[in-house]
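Okay, got some structures for you below.
Each of the two complexes below includes subunit A, the first together with subunit B, the second together with subunit C.
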Partner chain A sequence: MNVEFLFFLETVLNGLMAGVMYALVALGFALIFKASGIFNFAQGVMALFAALTLVGLQTGQVPFAHLINAIFGTEVHHFGWELPAIVAIAGTLVVMVAFAYLFEGLVLKHLVNQEPIILFMATIGLAYFLEGFGDLMWGADIKPMDVGIPSGGSFWWEDVTREWAPEGSDYFGMYVDKLDVVAAIVAVVLVSGLVAFSQYTKFGRALRAVADDHQAALSVGISLRTIWVVVWSIAGFVALVAGIMWGAKSGVQFSLSLIALKALPVLILGGFTSIPGAIVGGLIIGVGEKLAELYIGPLVGGAIENWFAYVVALVFLLFRPQGLFGERIIERI
Partner chain B sequence: MRFKLLVASAAAAMVMGTAPALADLVFPSLSYRTGPYAPNGIPFADGYADYFTLINERDGGIEGQKITLVECETGYNTEKGVECYESTKGQGALLYQPLSTGITYQLIPKATADGIPVHSMGYGRTSAANGKVFPWVFNYPGTYWDAASIIVKHISDQEGGDLNGKKIALVYHNSAYGKEPIRTLEELAKKHGYELSLYPVDHPGQEQKATWLQIRKERPDYVTMWGWGVMNQVAIQEAANIRFPMDHFIGVWWSASENDVLPAGDGANGYKAIAFHGVGADFPLFDDLKKHVIDAGKAAGDGSHLGEVLYNRGVYAAMLAVEAARTAMKLHNTTDITPAMMRDGMEALVLDNARMAEIGLPDFGPEINVTCSNHGGPGLGAISQWDANSKTWSLVTDFMGADREVVDALIMEDSEAYAAENNIEPVACGS
Partner chain C sequence: MADAAIATETAEPLLEVNNIEVIYNHVILVLKGVSLSVPRGGIVALLGANGAGKTTTLKAISNLLHAERGEVTKGNIQFEGDRVESLSPNELVRRGCIQVMEGRHCFGHLTVEENLLTGAFTRREGGAAIKDDLELVYSYFPRLKERRNSQAGYTSGGEQQMTAIGRALMSKPKMILLDEPSMGLAPQLVEEIFEIVKQLNEEQGVSILLAEQNTNIALRYAQHGYILESGRVVLDGEGKALRENEDVKEFYLGVGGEGRRSFRNVKHYKRRKRWLS
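On to the complex of A and B.
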């Protein structure tokens, strides 16, 4: 194969991988929107908070150490023990479920039947609160994330693809990050699990009923509050997965919350209510922005991938306002 | 009536309590302890504050005048930075250290009109080094253009003095800051015959796959980086992932902290960056900081950043401010200095090795001799290298000079264009 064509394939492959990473964030948005009609502005910050908690538990960091030291004049920082990654992940899940329970009890239950914009505003407040709370609880420094996920280019794949180039060409194989491959596998498992949960379990059916009509669901005995706790807990779990994958790339730090910006064009394209849509949307955006950066970028000065993703999403919006997999809303007057 | 009087008295007492005493030397600190850039803002702000605290606690202030630090949170946001400037300048501010190129650009005309000096130490508008056009702005001890030139010089040294036909890539933050070195690198490319390729990265730089796929394909001999925040960590991780030789990857001094290399683990081993001051805590001054500030419970933070690159930079910036204030006091024969006197002190600042040793920072930085026409200082830099095993930076070269022929010509051209655009009559300097 021609080396330029191999480079094109490499770009597509890496775009797909990047798209999976975006989809991991978009999934959390789609889940909550599907179940409650709330656009959760805090999803990016939830990923950050989950990752901070995971690393904090894993490294035995004392929560609120700065606050404790400032008030009591102590010098506590760490407990002196380290937890295995799996235990820390389980601990973080407990924290995220507790968070969902508290958020439902303190905020959501008071906002039943309010306009969507009110619920949206509540999630904006949640985002700012959670960011400050995470800072206070775990500190603002950058924390390396190590949960045993392999990273770096795959030698095996490089060796395989080097053979595809014409003999004598100075080609050293196709690059793919092992972390991205793991993220792709995790995303497939996650989406399959979520779709199965949504389609084949009692809770999943109840969840869909609530999504269709809050009051009708209440009238047949579905507990809205329980559903919301479950949905926000699942969104917390998805946020943890996204936080682990993104945190492993760049360390856990507060700019992690900005990954939500990457999820928006994915949601516009895939549809706010579709779980498979989040994945397909992520893949299209990932490939689109990478190809644009490489082939159009040099013509216009580069650094176009961020806004190009939104251009792609807007073009789709013109033709399919509900997104690729979103539900078409027809209201008869 | 009595209640109103009580409330008014309490309010007045609160205002009096928070405002600095009239005779204090006021140094605002435009810091960022929150937001995505906080991991870099915190150690700098701690170092800046701790040095002033040391001078107050150990020496009783500068020549007996106490220092008041007025900290204002900018979140590394230009609008908030300008708000901080506006809200603190009335408190008798002697000097602004904006800690952001964006904020510096906004403050240049404002501070010039208000008559308050700005010290954008190693950042901001490079051509502000021309003191004739920018009498109120200082960027000593070095500028971005010095940094670009010194990095090219180091690469040239590595290549036996011949860069002809070599490929150098610049990965840069797609902002005013990141674009600063481009002109210099282009001019140096003409002079040395290397091929320059540019790779902009949009804020925040969390995803750089396309950039590093291109670099992997083009295979430049060296990559240099003008990054900030998460962009640095991702770039270093991606470079390690594609197995780019890390000793051929050289960052500017804002891409050179522990924060930038630690997330990449062993992959960051050998990464290089230019530095305009020393690294580590092995200087007598740090013993004093520990004794009088950190162990005394008077540190701005928890003291854990002592000796880190950005903490050291904060200490260095505060030390330069204190020495300039001291110079101003001697020049004007008063300890009660005004911002205009502070400016004079900065312009007359002479810091030789003997004085650096007295301060407790022997060989920490180059000798500095600021003049009316040269606000950029000596423009020297050394190359530092990261050792992932010991998790330490070390200087691997001596302090080197920039290509003055190229850099000074660019400074002159840019500053003169600025003067023409803004109808500024350059001040007459003695030399």
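On to the complex of A and C.
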């Protein structure tokens, strides 16, 4: 293999890895949109909040420490324990489920049968609330996350690929981050699990029924409130996974909530209602971005990566508005 | 419950609606005191023109009204002797009262079989009992068995109506509130569906409260009928008696007292009526 081709391969590989990270966020959007027709603007912030909570629990931070100290004049910051990662993750999961339950009871319950745009507005409100609440609860500083996921380049892969290059060329092997590989595996497991859940279980079926027709679902005795709590809990869980991966990659910081914007073109490409679509869309965007940067970038002065995804999404909107895997709009005449 | 028709006269009614008033959005008064009762194992028809309040009555009973911002402000509804106005729809389904909505409302992206299975959502029994009931539904609607794996959105109107009724059946109901099953279907198909409903009623002992615009066919199958006009019951009686009733004949069955009218006269009559009212 010549060096040129190896470069291409490396770019594709890294694009795929980046795509998986986008897909993880897009997945949460697709889930909620499918089940309730709500575009959940807060999905990115939920990932941030989950990551903050996870780090907070793991390192034994006192929640609302600043608030408590300000009111009572105390000086508490840490409980002084370190929880194992797995316990902290479980704890965060409990928090996310509780959050889903509260959001349903305090907000969604009162918005049954409202226009989608009103529900959308509610999620915008939720996004800002959650961002502020996360700040108040855990503080605004950038926190490193360490849940034991391996990271850094894989030397093994570097060695393997160096062999592929022709004798005598100065090629040093491909760089692949171990963290990205783990993320890819996690994403595959997550999606398989979600698809199995929605296809083969009673709740999954009910979930799809609600997505199709709220009224009819009510009429056959499916409790919308239960379904919504389930859906938002799952979305919270997906947010947690995305939060862990992104947090481990770039530290837990508030700009994490902006990854939601990257999920948007992914969704348009894959189809808002499709779980596999979120993955494939993510991969296409990831690879497309990197390749565009490599080949078109030099011609226009670079920085294509930032806007390429949106252009692709725009083109898709023109020719296939339901996305690659979006549900065909069934219309009987 | 095969002898349900005989027990009709004596038994305590399965469903009783007492003088209910329904208001939408806090301002629009839709039902102005509707009372009716359905005996165990009976078929009762609720008749009337568009906007008379048939659907609203059914939704008030099944409690789907709440999701449309309507509420029962006066009167009460009793199912098996218990007040049910404040129960959630799923609790009511669990107790055995389920509505088949007007316009079928199948889950378009689910297959026919998945549609049927959603009807069993409230049931706690294991898979075996549910499988048996699925076969039972297929025995009443053989056509659904052929189409079991097609997406419901792509099936015909008749098949969707059957899916909707079959889905309700999967909840093991004591009573089905059937809203306008004839809507948009060919007369032959309407006949077929009413035949099956009658069979279900006789063999499974499911009581039926039926809202219909098609007065003719509804009164052929129902033992008792109520006629609604702008939110009030204006007439009620046994199915047979209603069919003989001169007013019903004239207003709902389209036959005048003295035999068929010529079309020209009917038109004239209607026009004059409109001026006066």
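The definition used in the following text is that the second predicted complex is superposed on the first by the 329 of 333 C-alpha atoms of A that agree within 3 Å, B and C clash if a C-alpha of one lies under 4 Å from a C-alpha of the other, contacts with A are read in each partner's own complex, and residues count from 1 in each chain.
The rule is short, and it goes like this: contacts are C-beta pairs under 8 Å (C-beta built on N, C-alpha and C of every residue); 3 or more make two chains touch, one makes a residue touch a chain.
These numbers come from a predicted model, not from an experiment.
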| item | value |
| --- | --- |
| First, second, both or neither for A:69, with subunit B first and subunit C second | first |
| First, second, both or neither for A:259, with subunit B first and subunit C second | first |
| Partner chain in contact with A:205 - subunit B first, subunit C second, else both or neither | second |
| Which superposed partner A:217 touches (first subunit B, second subunit C, both, neither) | second |
| In the complex with subunit C, residue positions of subunit A that touch it | 112-113, 202, 205-206, 208-209, 211-223, 327, 330, 332 |
| Interfacial residue positions of subunit B with respect to subunit A in the complex | 33-39, 42, 174, 198-202, 204, 206-207, 209-211, 213-214, 216-217, 229-230, 233-234, 237, 240-243, 259, 262-263, 265, 267, 297, 302, 304 |
| Complex contact set, residues of subunit A against subunit B | 7, 10-11, 14-15, 17-18, 21, 66, 69, 73, 75, 77, 132, 135, 140-142, 144-146, 151-153, 175, 177, 246, 249-251, 253-259, 262, 289-290, 293-294, 297, 301-303, 305-307 |
| Of all residues in subunit C, those that touch subunit A in their complex | 62, 64, 67-69, 88-90, 92-94, 98-101, 105-110, 114-115, 117-119, 121-122, 151, 153-154, 167-168, 171 |
